[in-house]
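In this document, chain identifiers A, B and C correspond to the written order of the chains, with residue numbering beginning at 1 in each.
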Amino acid sequence: MIRLYDYVLSASCYKIRLMAALLCVKLEHEAVDFHPGRAHKSAAFAQLNPAGTLPVLVDGDLILTESTAMLVYLAQLSGRDWLGPCDPKSAAQVQHWLAFSGRLAASLGMARLHDMLLYEGDIDAWRAQGHAALRELEAALSERRFAGGVWLVGDAPSIADIACFPNVALSQDGGVSLDAYPSVRLWTRAIRALDRFVEMPGIHRLHELRPAPEVA
Amino acid sequence: MIAPEVMNEWYPVAMAAQICAGQRRVTQLLGQPITVHVQDGVIVVTGQAGPLHVTEAFGHVWACPGTPAHPLFPIPEALETGRRLVDVGVVRVKCSPLRAVENFLDIAHFPFVHTDVLGAEPHTEVNRYEVQIREDSDEVWATKVTFYQPQAAKSAEGGIVTQYMYRVPAPTAAVLYKTCPARPDAWDVIGIFVQPLSEELCDVWPWMALYDDATPQAELIAFQQMIFLQDRSILENQIPRLLPLDPGMEIPTQADLTSIAYRRWLKKRGLTYGAQMVAA
Amino acid sequence: MTQRWTATGLSQDLPKAVAMAGHWQGHDLAVWRSASGRLQAWNDRCPHRGMRLSHGFVRGETLACIYHGWVYGADGGCKHIPAHPALTPPATIRVAAFACVEQDGVIWVAPAETVGAPVALRGLQPLRSISLTCDVVAVRLAEPALSGDDVLRGLVQIGGQACEVCLLVQHGASGLTLHALCAVGADRIAASRWLEDLRRRAERKGAA
């Protein structure tokens, strides 16, 4: 079984939990005491990932420490539907958004860790970089909408969407509102409405997807 | 000027284990800068005007910026053998410390905020329960609280009707007792200790004393952090940020008896730091 | 009194059964569309414990609060309290409503008693809403072809062609939001890129 070294509040770990849920891949979860224990910085954990970051995905002798690589691995194992179209242009665009998700983690993700778990750093710079990234995402998604599209690449959701979704949907946790980004908001709703979607703390269930219970 | 009633209370300011491990915590209490650190083998809390009263309990460092009106409240269960004491770590929330406590006392939000864990539609009904302000200890207590829960604890298997008792022993601390899935004759104990950084910003320290030998520590912490972080996005979006003590400002129902008693108790005792007195 | 109407979004950004945050001159609003398409703008505060209703969820013709699930009907009255399923909520539990109309693909809000209609925008199609950190003066400096204060209009060059544009101005705490429309038939991707470029130039002027 594939094993995920996991932390419940980590946006990067959530990428993998969400992807696995959408693909119906069962993972074995190993909770790591990231906060307050900082177990990911322990000597024992360094054997697994010298960079001291989460998530880590282990399948036999394969050890992955980059969440975008994990998305590719899970999607490849599961029939390739989530890899995006394979024409040169689309394949390059998927790579663009996988890399872009790193920028989201380095800006919105850090703002969130600052505001929530007291990480030290330049909060104004993180928020400003977060807004800059959201503007790019908003422009791209607006153009997709003008062309009748919903997803970042192609006609179906892909690893590109899953890579970018967590830090965007959690941006409020770091004091960055999505009010000014209507196309981004609709895109996050589309992801939250997917079959088998799973939430994480900070992203509420879309209760409207189920009918109101009968009043007795 | 902060009222003496507020200054003379105890507030959590750090996790004891982290300070004992040599960390120095530079933080704030009631809007004033403080530092928590170890000096000559003892934990000290220093403010601008010198040292504060300090005590250590339930895994945390507590400080009183005035003259303590009373000793820190006890949690007798913390001393029982066989319980695992779990420090969950700090989470910062942009809300009034009093709103953070009030949310902890509330069960009606479980189906909507902790969906499929602490509650689920259609099991939304809150049955009548009992609330009192205990004269001897001057604490708010809610008893005979029951609620249907799909996954009441990390150790729970399937849905159960959970019994609860709630207790507010200090203005910014609350303790709950709930059905222990592993030991039907005992209660699990969960607390939240809230450090008022300012009237609209707080550091929250969840803490647990559980009968659970099986679940790894990291999973117990993850479960409680999951629950509290689901609340955080609510707490940061309540308007106003301050807790209204004017009864006309918000509309409670019978399910909110604990919150009503908590607000009255705060008002009666003049514990209004983080509260809004008149409708804005 | 048409100037009391403020554009708070574009129709295309608020599909059926969705709620979003809106604003009228510093008042926070929950703007939502029911399953049948009916549009409403309410005070963004649940009467129960103050939670923002714009975080709520739409079921059928009702908006429910995300905190304790209180359900509000089309008239703003509370219809159901999940903690007390058998209770008929008192008629006094009510969310204050603003006037809200949709015209030319734009969502307009104003205080409840407002009469009259917002300014008509014939021959234009909705483009995008964008936020800027500068003021209107900087926008006009960046694009001298635009004139007006709350409604900026003009003929600008988009992809080598003259194109009629209209930018509806909404003032916020941290800057401006522009709800942009362009001539029917214009290439919206090109117009969107023009708008991005306008923002960069205006913010540079605003910062100078």
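FYI, contacts are C-beta pairs under 8 Å (C-beta built on N, C-alpha and C of every residue); 3 or more make two chains touch, one makes a residue touch a chain.
All figures in this text were calculated on a predicted structure; none of them were measured in a lab.
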Innermost chain by mean C-alpha position: A
Comparison of A-B and A-C (more C-beta pairs in contact): A-B
Gap in Å, rounded to a whole number, between the CA centres of subunit C and subunit B: 38
CA centroid of subunit A to CA centroid of subunit C, Å: 28
Subunit A-subunit B separation of Cα centroids, rounded to whole Å: 31
Residues within subunit B bordering two or more other chains: 112-113, 121, 124, 233
Of all residues in subunit C, the ones touching two or more other chains: 55, 66, 69, 85
For subunit A, residues that touch 2 or more chains besides their own: 204, 207, 212
Residue ranges of subunit C touching subunit B (in the complex, touch as defined): 28, 44-45, 47-52, 55, 66-69, 81-85, 87, 93
Of subunit A, residues touching subunit B in the complex: 7-9, 31-33, 35-37, 39, 115-118, 172-173, 175, 200-202, 204-205, 207, 210, 212-214
Contacting residues of subunit A [partner subunit C, same complex]: 135, 138-139, 142-143, 145-147, 179-180, 182-183, 185-186, 189, 204, 206-208, 211-212, 215-216
In the complex, subunit B residues that touch subunit C: 106, 108-109, 111-113, 121, 124-126, 233-234, 237-240, 244, 250-256, 259
Residue ranges of subunit C in contact with subunit A within the complex: 9-10, 12-13, 15, 17-18, 20-21, 55, 57-60, 62, 64, 66, 69, 71, 80, 85-86, 128-131, 177, 188-189, 192-193, 196
